[in-house]
Structures are given as C-alpha cells and as structure tokens.
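Note that chain A is present in both complexes that follow, paired respectively with chain B and with chain C.
Presenting the complex of A and B:
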C-alpha cells in the first residue's frame, strides 16, 4: 500500500513538472512600439466640436458592461475626481468644458465639450479666455446647462471641504496657491471667484493676472463639470453626482457596486466624443487583479466584463502566450514616465550624474519589473506620448548601458551613493538590480529601504538624506507644460511636498520655462522637446528609465474599448456589448 | 516495541552479537546505548537523519559549494531571461550550468541561492533553538525545584509571554529597532537582522521547554536520589545541574529536535511577510514569497524551494520523532 501511495505522489509531482516542461519559454516580443508618438492639435474649426460622434464599426445597442476593480472609486463628485479610475469614469456621467477626441493610438484633438470651441484666447495674451456654451445641452432632469452652472461648478471647487480635485484653474484665477483663503466659497455662495464671469447664459469668461495658455487643456479635467446650485449636496454629491453625460448613477452600494443607466436627456447631437451603446455600466468592487484575470480568461458569465486592475503580474506570461486571448487584450504604452531621480543638492558633480546616465541598464531593469508587457524603455524626461515629443538620447549607451563610457566619465572616482527604495518586495528587487548594475561602473551603492507608505513624502522633502530614488510622473494633459516646469522649475522648491525632487534651480532653464509658457499652446510643443534635451545635457537631474505599459484583458462580448492616450487607462466613451 | 519483540529479543540485544559471546551472559548497557540501538533500527529515522545531515553539511559548506559550482548567489544572468522576465528554455531555465534554473526577473541561479538559503535558515533556526532551550531549561529547573514565589513569578512570565501575539509583536519591533540603530543613509546589515530575528524567537520560544522541564522537575524533586543529595549537603547548583538535569536530557533533546524545524518555518514565515531576511540575502521565505507570482508562468521557481524546505522540515521532524521513540520507548504512537 505504502509503495503505491508513494508512486502516486511521485507520479503527481512528475505530472506537474511535466506539464510545465511542455512549454519552452522563448524570447518573444510584445510588439509594443516604445516610441509611439502622440500627435495632437487644439481644434480650431468649430465643426470638430460638434456631435454626434462617428459610429463605432460593429457597435450595437443594449447589454450591460461590467467593470471589476479591487477597491472602490474614491470620488464621484466631478470637482473632487483626480485619480485615473475617476478621470475615465467621469465622462460617462459628466460633461466638461473641453474634452479630447482620441483614437486610442496617440492621435488626439482637443475639442469643445459643453463649449462650442476649446476656448477663445481673446487678446492673444492667454490672460483672457472665453467659452461659448452649446445649445441643447441638458442635465439628467432635463434642465438646460448654461454658463452659470459651469461657473458654479468651478466656484465650488474652491471649497476646502471638497478637496481632492485638480487645483490649476483655482490657482490661476486666485493667482496664488492658497486660493481657498483668497476667495472663500462658503461666504460667497451666490457670487463667483475673482476673474470668473458669465456675461450671459452662453458665455463663460476667465480673466487671469498672469498668462495661462494651458487653460483649454486644464478645462478638460472633470472639475469643469456643471452643477446647478440647487442640486449641490456638498460632500454628499460624492455618493450621488448630478449627471450631464450619457449615463446617470441609479444605484450606489457603497464599496460594492455602482450602476449607471442611460440618461435620456443627453443629446448625442451635442457631443463630439461620447456614445450611449450599452444599457448599463456596472462597476463591481472586490476581486483582486488575479481573480479578475482568471474570471475573464474563463469568459462565460464574465463575457461582458473588463478587469480594471489589468492583467495580474502572475498571469502576464500566460495571457501573452495564449494566442486565443490576443483579440481580447489591450496593450499600449502609457504617459506615466518613471525616472531615477538624482538629488542634485547632494550629488553636485555633473559628471557623476552623467555617468549614472551612461551606466543604466534599461533592459535589465525592465526584465526586473516584469518584462515588456509592464514597461517600455525611455531616454527622455518627457514620455513619448507628449505632444511634440522628439526621441533623443543625450547619453547613448545602448539598451544595456555602457559601463566603459560611464567609467571614463567618472575618471577614476568611486562615488558613494544611497538609493532609497520602499520596503515592498518588488521595489527591493529593483534595488538589487540597480545596485548590481551601477556598481559595475564603479559606483558604491547603498540600498536603504524605508516604509512604502511614507517613502514618497520623505523624498519630497527638500533636505532629504538620500541621493537616488525612483519617481514617476503622469501629466494631466500631454503637454510639456504639465511636465517640465512642474518637475524642474527651481523657484517653486518648498520645504516639503516638492515635485521637483531633483531640486535643480537653474536660472537659464527657469527663464526658458517662462518664455515657452507665454507662447501659444499649439506652438509650445517643439520648444518643450528642446528644453527637455537641454536639461538632460546641461543638468542631468535624473536618469529617464521607462514608461508604464497598459495591459488589459476583457471578455469576448466587449467591444469598442481603448486605452486613452491622455492617461493611459481603459476608456469607455466608445464601449459596447456584442449581442 | 511490542512485548513479543522483547520476549524474542531479550533486552533488545543485537541478534548477531549473541553467538559470538554467549558465555558472557548479561551485557551491561547504558540507557544511552540502548536508545542508540533503538534509533538505529528505526529505518524512517535513519533515512531522515542522513538526508538531514546531508542538507546541514550542504548549508554549512555553502562557500565551498559556490567554489565548486562556479556561480555566486548574487550573480545575475539576465541574458538568459526573456523579454517577458521569465527564464529562457524549459523548466524555468534548468540547464547544465544552472541545475535548478534561474530566478525570473533578476536571473540569479536558484541552486546556489538555495544552498545559501539553507545556511541562513539553519543558522537562525539552530541558534534560536539552542538559546530558547537553554533559557527554558534554566528557568524550568529553577521554577520546578524551588517552587513557592519563584515558581509563581516564572510561571506568570511564561503565561505573559504566551499571551503576547508573536507575529504582531515582530511586525512592530523590526522597523522600530532598525530605525533606532541605523541612520537614514545606512544600509541595514544582514547580521543585525539575523540577530534581531533570533532575539525575537528567543523571547517567545523558551516557554514550551520551560513548562516541560518544570513539570518533569516537580515529579523528580521528591525522589530518593534528590533527597539523598540534599541530605548529604549538596548545594543548590549541584542538585539542579548534576542530579536533576541528567534525568531530563531525553525530553529536552526531543523538544530541541522538534524546535529546529519549527524555527525554520517560523523564519521563512517572517521573511515571507517582509520583516525577516530581505532582498538580496538568499532565504527560503523570500524566495517562496517571490515565487508565488509565478505559479502559472514558471512553476519550477515555486516547486524547487518549496520542495527543499518541505524536505528539510520533514526530515527534522521525522528524525525528532524517531529520537523520541528511541529515548522513551514506553510512549505509544
């Protein structure tokens, strides 16, 4: 008996081993284009902003599209939405001043959404902007949307109780970062913030103290969604937003489920981008990425489902190798750019920073991250998805780095640098990879772990103790203006909470920022690419590493999904359910 | 051993020895020798013992193995890793150069990391077992023999230690201690982490042995030999460690041999949770924690370290069981 049991156990083990042996792992290619470039314009022709949006080939009406996510969506109040899941859900139930027409492959056009055009630069100095509001746009109760409701939406974002959303427009109107003290929303509910006026029901006017040529871009964020003052429920709006888009929230079981159903007062003729194909969109919260991926691979009951958390790391090899799943996956580069920040307050020697750039082994790093379905290499500070992006490499060293060149640049120095990483296991492997990689070039790297929940806050402190840390930046719109000045303008350095974690402050570069920020947004694009190259060449404040790659899987009945080119997450404006 | 065996094989004598010296009659054997004979006849215990010994020798001589194998535990072979971050080839990259394949992502050799991981595990587990057993013996013997308020205090401390939740305590202590001893720019030394782990195990692990020893001592302290020693004026130390202790070796040896595998899994569990050994030090817990993501893509990465730790713990446990049977043949199973 005992021998038979042993044989059975041995046989089972052999079977497991045998099954895994059946497949040879070969050096495939994800087929992702690491340099996929964005081309984009701001629509000058008002016709671009007209509805209806062109029909999606093969799209049919009806059905329920389910989206699975591990955790609930933190905010549904459009003025408070700022995370990616919120930014891509908001277009279902809310409309904004402007929005992006997006082919999902990097070709984007900024068009008017509630506005007839993406803004009129009245005096051509970017200080006065006017938006004409479309006719026939309505809320979910059928009442018309006018400039008054849009202005009220912007005004309520000054309320410190409703924090969490983007703060660009508030800061520009108030001309200070402390906008909520400059204009107190709660004391002035019937008036509007300084500089914001509604000359008539169809006109919305912004007057800024300084030029802000990026207003049309900033107006594409959900914080410009309209709201009638009578429907403002304050913090409770988070649970029941008042819809202006093609769907309205009909059921909200906190932390469990959201159900969006058709809003019959939405008129497709006014909307240049949205559709109303499925009867319902249902968000379900709970299953983690692995459970989501497994359910969707199985299909069946989950045939009309998308997993918002993407293909789980543990399933990437399986999903990418399975040819039958190819038609159900979405794979695109995203605008989330990751870099190895060099603290220039501590690493003051430019040659050391340049040598780091020569030594970096991007291919090895990407393998450590999980391969080319997770990350795609980058040699510039701005990701390829930025408008006007030009591919360049100031420190050409091949995909594995040039150790000899790095050694030559160091000229015999052996700098001792401290790399700080968070204490989760994935980050620790990256620490090992970077240490082994850089020490080959003669650096002496100390890897210091710190609790992951406080790492970001600590590295954002001006006088932090570390030399190297990993940072990532996802811009709110694909313009260099939302990347380079934010990350590298030294005049904004504060004691804490810096985005300029390299702490560079170079007068010539700062002056360049001012010059380009004052230009027409359409003409800025090329200039940002030049500044990017100049910063890398003259200052080398970071080692550009990789852009995140979006890899998603959906059921067989889902159609029309795409990865949006602005944020790099699944977008629902064209989604439909196959019958 | 059954009664039948005892009758047919008197005094557990080696049957081959009987015809050689029949005229000598009764052969005097120490209890230790008797136990050794019983252990030797237990096939499971012997096989486990040999495998255990092999693994221990392999772990202890890790640098020598590295020298012979020609690959170090931190060397990366990323040219053998495909774009999808898994090793090229079959079975997780098993080849003549890399006997157990390569780790996904970083591309380090699994065999040599296992050998070094064995060393880390065994170092922590045996040190922790030695320290906890020593503490347990001393406190147990003192409490059991002296009784009274000393016994009450020690028993109270035991109850207190048993009531503290170990994992939560460990989770809280590790970051606090490292922050206390290391500046923000310092790397946390591996020996320091190992020392803290051993200390944590020592603080919580001694209670079992102490209780066992205390109970044994209470049953022994009124026996004649103890009273005789006391009557002839022996000091406290002599009675505790020369009279009582030798009578306790059997249960102590058994708890010790069963404690070691407990600490091996305990260490792996702490490292699995990220509060024990961390990257890049080779360790079972870290390896298994990392490999869980690859159950689908690269199952060998999970199977190999999982099997080795299973084998290590199983052989320690089986050997410990055999030892108990040999030392205490009256206990039935």
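Presenting the complex of A and C:
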C-alpha cells in the first residue's frame, strides 16, 4: 500500500495529468461519471479462472505496438516490481498466482492465474490458504511451472538484495515486518520460508500465524510470479526476466528500448485474461509527455503508439476539443484518491472538521488542478473503484460547497488553521484556492510551505505542527481492507512514518476494522462502504476531494487498450494493432 | 615543457582530489536519505538500518571514501545487493537504475557526444564560413543577410528553435522520423536521421556567434599592414586571405570553440529534453531529482576530469599556436 507521493519520490510516478507544475483550465465536460461504481467479486466458480480469454471484438494478430515513456522502467524483476508502469507491463511477460478479470469500467473479478481458483480458505479462518496449480502452464523455455517455482519466487522476495517489491506476503509468513531477519534467504536457498509449503507439484500452501483474509488479493501482485532456482540471477534478473507470460523480453537496451516478442510456450487455454495479438511490444524511453502527445497527434509513424505519460497538460484542451483526437483517447477516473487530511490531534472539535467538509469547493479546486480531465470529485474516503463502493455524501453542499451551512456548523467560531503545502508551483495554486475557499466560511487559514522532498515524511510524523494537508492514497487492491484500516486504525500510530495522518484513534471504529478484517474477503465489500460512511459521519477526519483522472492518447492503429480498474493505468492484455 | 606538464598534471590531480572530497561531503549533507529512497515503501527503522549496513553506509566516513576511491582505480566488491564485483573504474551502483554507474555512463556519454560533436562541426563550419564571406563581401546584400541570420540565431532559445524544427520536419512535413538515438555503429543512417534536428538547432544557435566573431576578426585582420603588403607583393586574393588573414583571424575563435563545445556538453540537458533523447544531461538531472547519489557523485567527478583535462590541453595549445607564450 502506498501513496502516490511516495512513489514520486521513488521516481515511479508516470502520472497521468496530475499535479504538474503547469496546469491549464479546460472547460467543457469530460463526460466522466464521478460515481462510477465498481462491481467486483472474487470468482467462486473455477470456470472463471479457465482460459482462453474471450476474443476482443475487431482484434487481429500481428504488428508492433510501441509505448513511449519519458524514463526507463525501474524494475523488470517480478519480485521487485511495485510501480504502476511495472505493474501493468509485468502481465505481458509474467504470470501470477491470481489475477483480475477487468472490463476497464470497474467490473472486476479476481480469478486464478497460475492457480485454478483464487485460493481456498482451508479452515475459513484466513490462516491456512491453499492454491492448486493449473496443468499446462510453462516458462519461456517450455519447462513446466509447478508449485515449486512459484514458492521459490516468493522465497526470493525475502532476499534483502532484491528490495523494492511489495512485502505483504513476506510479512504475513514471517509474522513480522522484519521478515528478512526471521528467515535468511541466502543461507536457506534450498528450503522455503516459514509457513510456505509445496505438498506436491500442484499444491501451494500458506500457513499464517494470524488471519490474513487479503491473501488472494496480495497474490495478484507480480511478486508471486514463478522462477526456477537455476534461472535466478539475483539483481541481474532485472535486466533479463525469465518469462511465463505471452511475451518474452528479447532485447533490452538499458534506458533506451525494450522489445518483447511472442513466447511460443504460453498456452492461451490456461490463461483467463491475456491475449497475444501483436507480434511485438516495444518500449521506447526518452520523449516527455508533450513530445509523446505531439507525435501521437501527428500519427503517421506513430499510428501504433501509446504515450505512457498521458496527454500533456498543455495539450489537454486541444485533444479534448477535437472529436477525431478524442476518439482515440482513454479517459477514466483512477483509484488514486486525494483528500484534505485534518490532524485530529490539533483540530479536536468535530464541528470544525464537519464545517470544513461543508465549506469545500470541489469544483473550484478541480479547476485549479486543470479541470475534469485531471480530477474527478469525491465525497467518500474510498474511491468509487473499490469493491462494494457506495456513493454517499455525509455533508451535502453541492459542487461549490455550502458556505452558509459551514458557518452555521461553526456557530460563530473562527478557527485558525495551518495548511501546509509543498513548494511545487502547482501546490502553491492549490494552497491559495483552499485558503480563499475556506476563509469565506469563517476559517482563518495560514498557508505554510515546506520542501516537496520532505513534505510527505513530515506530515507522517505524529507531532507535526500542522492542521491540514493534502494526502493521496492508491491501494494495491480495490478492497476497503487496503484503505480504511491503513488510513484510520489508531492502534498503529507511531512517532513517524504514519499512514494514519489524521491520527484518529477511535475504539468503536477499530473494533469494526477487526470484525470486518476477520470476514471472508468475498463478504467484506459491503461492510467497508458502511464503515466509510460511519467514519465520515462520526469522526470527519478528512475532507474527501477528488480521484485522479487518467487521460491517454494513442495512434489510430491501436486497439484493445483500456485503463485498468485496479491501478488506473493503461493495460496491455487485450491490446492489438489494426492492420 | 615536460616540467610544465608534470606540474599541471599534479595540480590537476590535486583539484580532482579536492572535488572528490567535496562531492563525497555532499553525499552526507543532502537533505534526502538515499536509503529511504531505495527502501521505498513498508520501510521501518530497523530495515533501513540493515540496508545501511549492507551498503556500508554505517562505516566510518574515511573508510567509505577510501573504498570509493579504491573502486575507481582497482575495482571493488559492492556486495550482492549491488551486483557483486565492480571492476575498475568502478563508480558505484545506482539503485534507481539497477546497474553500475560505469555502465550508465558508458551508455549515455556516446549519446551526448553524438549530439554535440557533429553539431559543433556544423556550427563552426557554418559560422566561420558565413563570417569570412560576409567580411570579404562587406556591405553587400549577402553581408546584411548573413548578419541578420546570425542576429536571429543569437537571440533564440534552443527549446524554441527545437520546437519549431520538430513541428515543421516531424509533425507537419513528416520527412524526418521523431528524434531518437540509434548507435552510429548499429545504423549510421538512423543515427543521423534521429539526431539531425538537434544538430540543426544547435548549429543555428551557436553559429550565430561565430559568424559575427569571425566577421569582426577577419575585418580587423584584413586591415592589417601585412595583409596589404602580401597583396602588394603580388599574392593572389585567395592566398593572401586564405593563408595569412584567415589563420590569424581564427586563433581566438578556436579558443572560444573549445569553451563552447565544453559548455554544450555540459548544457546538453536542454537539447536532450527538447528532443526527448536520454543522454548525460538528463541522466544527471534525473539523478539529482531522485537523490541517486552514486550517479551524482560520478557526474561531478567526470565533469571535473573534463574541465581539468581541457584546461591542460588549452594551456598546451596556447604554446603551440602562439610562440610568444612560453611554458615555464
């Protein structure tokens, strides 16, 4: 789980058209439905996990699909992949224990990928999980994939040399955050971490000390990709991963180009989601968002190209106004949710926090950000792409806020609040917008600026001296379990490094978290939506603001691309090149 | 001469040593914790500390410095987290790129050289040629046009000229492919096609200064007595101007050209960004943005080596070009 800002620090942020330094207002309606609801499920019928994936209408085989990106992809070793570009490239060359069937419009189903089902909760206590591995799944050299190679992949993620990837499964198996001290991979290469066993070639078994009902979700991350021990080249695997998916890496000119070609040993009959339409996928690194957009608008040599860095902010008006160009764009809200966090240790008065919620002018804020091709308003803590999401607004105040209602809630008080923003120029504009907006309702807002490098770390400190700050959260899977307890369970508050930046700690809510986390994951979805509403009503620890919007353009010959509902970035599993 | 050279080399080495100390000091003064950047998410204090141990960042400063310097001259073992054995010249391991810094530089330096060197040949040829011709045709329409052209070039910015060239040749006429770097050895035609716009933009901007400078120099030289004497002695126009005047006029231009090529190599980030090519400049800027300290450190050291070596060469060249300069 992570925030986007943290990823930016890691250089992973290939953001859409988010908070860039230069923004441009675009009027006109993007046509995004801000209340698009996710209707996700976990597949209970093993048939859902079978291949082949249904044919994409109009899809043809052949051609080369090119993807332009400003900077190289930091990791290609599946056990180290954790940024969005890696997460959406990995399915081309790697398969995982589970994966998502996704219509690109929020309808998602968790299915088995290498596994026959998304996992069996053996004792219904989420402590023992079993996965049966499919027959006929193979590596790029034709050797079969068994539970042993999947277990080895998970084992090597304990190797401290291979930092960077998600750590959920390691921490759950070792029952400690310091998992690599509990089990030393380098000293035990031929054995497996505690709790992970392979009773036979077809069975993979997890035994946890505590219940972890989210395992089927966590298993959809690339860190469950298989690897034969003989093919483990340590840190060098990043340059030459060993493929199990429909494509294999055939050329890697570091920092310049990646070429993926068809893996003839991949069997579509075993794969419920991937296709193998183009002959090649080529990644080219270098051009920035503007150059990418201009090249793709020109089409011609770039007719079969996608710009990974999204429609450049300076080109949004042009692209959105031109019907033919707009026809080859992808535009969807993403699961990346932004909120104005209220530090409840300092702002202890609930009515003040409620008044902030009434006063907020979301439309004004979104205009400042660059319009509705950049952000889509939200009134809930969980983004609409979360399983079981229900649209509600505890503090209804219209698009522009209800100043009178806010004043009435404050009942004559004029709270003095400190809003901290980063020193990025984009943030400065947002600071001014929020100050002007909130002061109309009677708040007195002091805007403080802090270096953007350290802002995130500072706001995560328990004793920070600020009342309001902008936060964002993009969960690793669309379950409330990956959002609400992480952001609002007060029992985990530490001196620094907190995700619970509202520093809320409410016994009743904490108890609710425990209750729902203990439920079967398929049954949790509706409960999270109820807790979301309850937190907003009883605690108001933040002002939900907006979800980032993904806006991409591709050439005229590209088909089958979609914005995935899990991460909110372009996905390639159904892509094809029109001939 | 030899004594001078030894003295300059020793001084150069001393400068590099001082630069390495300062750059290493920066490593500790930067506000960002490099390890925290590597560890990214789910990091706790213990894990951070173990990573620091693994990377040797908990060792005494002196040991770290000597280890780094040893790596440059004889190579060193970086540990399995950083790809194991790193042969000399080892500049460390870049976590953000997942490769040895030496490999990164081996990749991006040819890119930057491929942009700057052909561009420099173009701008020198174009600039000096125009300047000389307009000096010889002083007051004519050609002279005015050439000076107008150079004035336009001198007052433009690279990102503007680059943008216009892209719009014209790539997006509108579509006669050139989008800029990209292909190795010269792999395909010379693609190499040239991918970089020609960058050369044109740089040549347009830089040649302006040379045109004006060489025109002024040439005019000054043409007015010298010895040129008149040469002509009076019966030398043809081309011999008198080409052999005598041009040679005298070009000396200061060569000196400036050295500085400009150096400046263009250092300032290549704007060219690279305008044309979306990943070379030395963008690598350095990216490293600063991400707090990739091994790469920053190596960039500082390599730039210092360039400058120190260039200075020694220029000093030596002075003596060769101008006999009045004595090396002692």
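Things to note:
By definition in this document, the second predicted complex is superposed on the first by the 552 of 579 C-alpha atoms of A that agree within 3 Å, B and C clash if a C-alpha of one lies under 4 Å from a C-alpha of the other, contacts with A are read in each partner's own complex, and residues count from 1 in each chain.
In this section, a residue touches a chain if its C-beta (ideal position, glycine included) is under 8 Å from a C-beta of that chain, and two chains touch if they have at least 3 such contacts.
Bear in mind the structure is a predicted one, so any value in this text is a computation, not a measurement.
Aligning the two structures on chain A places chain B and chain C next to each other without any clash.
When the two complexes are overlaid on their common chain A, residue A:59 makes contact with neither chain B nor chain C. Using the contact criterion defined above for the overlaid structures, shared-chain residue A:456 touches neither chain B nor chain C, since it reaches no partner.
Contacts of A:519 after superposition: neither chain B nor chain C is touched. In the overlay built on the shared chain, the residue A:425 is in contact with chain B alone; chain C does not reach it. Within the superposed three-chain model, A:350 lies out of touch with both chain B and chain C [touch as defined at top]. When both complexes are overlaid on chain A, the residue A:285 reaches chain C alone and has no touch with chain B.
Contact with chain B, but none with chain C, is seen for A:317 once the two complexes are overlaid on the shared chain. Of the two partner chains placed by the overlay, only chain B lies in contact with A:368; chain C stays clear of it.
Touch criterion met: A:71 reaches chain C, while chain B stays clear of it. Taking every C-alpha of chain B against every C-alpha of chain C after the fit on chain A, the minimum distance is 12 Å.
On chain A, the surface patch touched by chain B in one complex and by chain C in the other comprises residues 451. Residues 16-17, 20-21, 23-30, 313-318, 320-321, 363-364, 367-374, 418, 423-425, 428-429, 431-433, 435-436, 446-451, 465-466 of chain A are the ones touching chain B in the complex. Those residues of chain C that touch chain A in the shared complex are 31-32, 36-44, 46-47, 50-51, 54, 79-84, 96-99, 103-104, 107-108, 166-167, 170-171, 174, 177-178, 180-181, 273, 275-278, 283, 286, 289-291. Residues 74, 76, 78, 81-93, 105-107, 175, 183-188, 274, 278-280, 286, 289-290, 292-300, 303 of chain B are the ones touching chain A in the complex. Of all residues in chain A, those touching chain C in their complex are 1-2, 6-7, 9-11, 70-72, 74-75, 82, 160-161, 163-164, 166-167, 171, 177-178, 180-181, 186, 234-236, 238-239, 254-256, 284-288, 291, 294-295, 297-298, 300-302, 451, 453-454, 457, 497.
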